[in-house]
Amino acid sequence: MFAVEVRDHIMIAHSLPGEVFGPAQKLHGATFVVDVAFFRAELPPDNIVVDIGRALEALKKALAPLNYANLDEDPALAGHVTTTEFLAKTIFERMAAARRDGWLGPHAEGISRMRVTLSESHVARGWYEADVA
Amino acid sequence: MFAVEVRDHIMIAHSLPGEVFGPAQKLHGATFVVDVAFFRAELPPDNIVVDIGRALEALKKALAPLNYANLDEDPALAGHVTTTEFLAKTIFERMAAARRDGWLGPHAEGISRMRVTLSESHVARGWYEADVA
Amino acid sequence: MFAVEVRDHIMIAHSLPGEVFGPAQKLHGATFVVDVAFFRAELPPDNIVVDIGRALEALKKALAPLNYANLDEDPALAGHVTTTEFLAKTIFERMAAARRDGWLGPHAEGISRMRVTLSESHVARGWYEADVA
Amino acid sequence: MFAVEVRDHIMIAHSLPGEVFGPAQKLHGATFVVDVAFFRAELPPDNIVVDIGRALEALKKALAPLNYANLDEDPALAGHVTTTEFLAKTIFERMAAARRDGWLGPHAEGISRMRVTLSESHVARGWYEADVA
Amino acid sequence: MFAVEVRDHIMIAHSLPGEVFGPAQKLHGATFVVDVAFFRAELPPDNIVVDIGRALEALKKALAPLNYANLDEDPALAGHVTTTEFLAKTIFERMAAARRDGWLGPHAEGISRMRVTLSESHVARGWYEADVA
Amino acid sequence: MFAVEVRDHIMIAHSLPGEVFGPAQKLHGATFVVDVAFFRAELPPDNIVVDIGRALEALKKALAPLNYANLDEDPALAGHVTTTEFLAKTIFERMAAARRDGWLGPHAEGISRMRVTLSESHVARGWYEADVA
């Protein structure tokens, strides 16, 4: 299995309702360093898993609505607890849609799996990984 | 698959008997930066893989008998060569026990897999990963 | 010159008023990984710049009012633009006060200089460094 | 599953022919920080996945023909686009051969899987992972 | 003293003539992760050392002629041995010129010192630091 | 001011006598990732602060008596509390001697200052920096 992973980041505010979150129930924030990994079984003739330039552009586009935002006021996230795990899946789904819609270029058709990792500090991170059809 | 990973560290002394270990046969030591990853297939309604606060506490508790210790004199490790790989599994088993015993909270019942990684320097690390029942 | 540096982190929300801040004028947030360095010219007999355990406790105490908070609503910061640079100095002053008040222990009297670094992402950080009397 | 991972690096020049590579079609270069992970199901009595000393030596040997080289002039790579992904597999194959030829020592027979990761900057990396027979 | 530091990177080919360079006399390459630190004694009312957005743009502009290039063929570097140290100063001078020419914005007038660091691998880096008039 | 910094590491056992050290009074251990920075005002014609190959060899030689050792039994350290700070200065002195004795090569005569940093975990490090005559 081959993989390529690229990195960007977002800076967000949010609150996490629920007793389990302790002080994080208050409005606070986070920098999430976001890594997206693309997996595929075999390489095409130009030996790339994905066009990295397009991958970085698609990631920036996927992250734009979240960046410099208060997630508590984002209609697309209403009713959800915006944990690191949940946001990893949210970004995964946006990247999967970008792939389906051709934003990752023709090479991206061979991608069979993706993983989105959000590092929230030097001591904690979360990710979501799944096949893409 | 969702995952969350948290970090702590220990500082230990030990020796590694056996010719294959060369100079590490002598009493020496290591800082192990310890990452524990928790995996689960689906998220519960509050969107967390595990209660991170409890995970960090359970990890600190699991590491306490090893921290600032000479592993050569730890009765729980007697007869074992305390390599990075072996210690990764040892800590894995203690974290798995913590989960069974409820130290990770009710959310932890949905955890299906764990991984414990020990980074011993900027150039070497080891890990153990397995399902938890 | 000897130095010791310790690390902790905070997760905050804030907004940065002023056209120069572009999209960061909106309410957003950040994880700041906070490193505090303590400098001194010579070591005392037990060869430590500062008691690391006390330094970490004092840092946690200095950071507590900022952690999991919306800095826009912190009375102690009212009227200030809470940039990374400004927050570095704010934390510096709280650590300098902790030293004066004895929270860093008797060793801390020999500390002549401190530096507080806030890393806000994998591509940007800021710091404040100055002598302490 | 147990794993051990070791690190080295190479500094190479190359060009990447093909419109998809944009400015990287020109002769340029890269530092690749190379991590090789070795996986095995169970540990032998001395509790090691692989002899780390031998693994590092074998890695240095596998990397030597690539290090401080212009890959465009390497006959072994002629006709291939030397992307990060492709180089990860190339190094994987050389490490797999090293294992078959006994360079990793007798412990290496129990290794069932390997992964080679090439980090090319703080924002991009690629890897190849597969079973070894 | 306040400081802000931002990061970008370049991927270059070059050769280093002179016996002292051993195998690096051959055409090879490097990724340089480039950090530029800006220092100033006091903060202006909006509490920033420099406009980070402008700093990142100016850095990208300063790096552009070096990125994806063979430095052996760059007329601006002809006759120079393009070591990490030398390139750090080269980029420093281009950033100092950017500041003088107003690319860093009006805040940049208060900058009194700069440092450019080039990390070439996980085990080596070089930098140049000096006052700017 | 120009600088170059190189990295190696040691794995040691020791104990730290004195109430201030709490649990670290017991025999334990550490991995110290060791960075040595060399400073000089101007570059010689071949544009290097120091011959990196020689610097790495000299560092390995300076670290050898400490690596895989129990520092409590090292006669050269007898009567000293082997804190991170103290060890930074110890290694500094050995590197300064290496420079005086010619192990760093002729370029090293222009070195005016050095710094030795020991990172003991992801949250703590210490260093010693001074002029060299």
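Points to keep in mind about this one:
As written, the chains take the letters A, B, C, D, E and F, and residue 1 is the first residue of each chain.
Operating definition for what follows: contacts are C-beta pairs under 8 Å (C-beta built on N, C-alpha and C of every residue); 3 or more make two chains touch, one makes a residue touch a chain.
Everything numeric in this text was worked out from a predicted model, so none of it was measured.
Distances between chain centres, each the mean of the C-alpha atoms, put E farthest from subunit B.
Within the list D-E, B-F or A-B, C-E finds its counterpart interface, over half of the contact pairs alike by residue number, in A-B. The two sequence copies subunit E and subunit F touch through a face in which the numbers common to both fall below half of the numbers used overall.
When subunit B is laid over subunit E using CA atoms, the rotation angle comes to 180 degrees (nearest 5). Across B-F and A-D, it is B-F that has more C-beta pairs touching.
Centre-to-centre spacing of subunit A and subunit F amounts to 41 Å, using the average Cα coordinate of each chain. Put simply, the C-alpha centre of subunit A and that of subunit C have 30 angstrom between them. In whole angstrom, the spacing between the mean C-alpha positions of subunit B and subunit D is 27. For subunit B, residues that reach two or more other chains under the stated contact definition are 7, 122-123. Interface of subunit D with subunit B (complex): residues 1-8, 43, 45-49, 51-53, 105, 107.
Residues 18, 20-22, 80-86, 88-89, 122-130 of subunit D touch subunit A in their complex. Of all residues in subunit A, only 7, 9, 11-14, 23-24, 26-33, 67-70, 120-123 touch subunit C in the complex they form.
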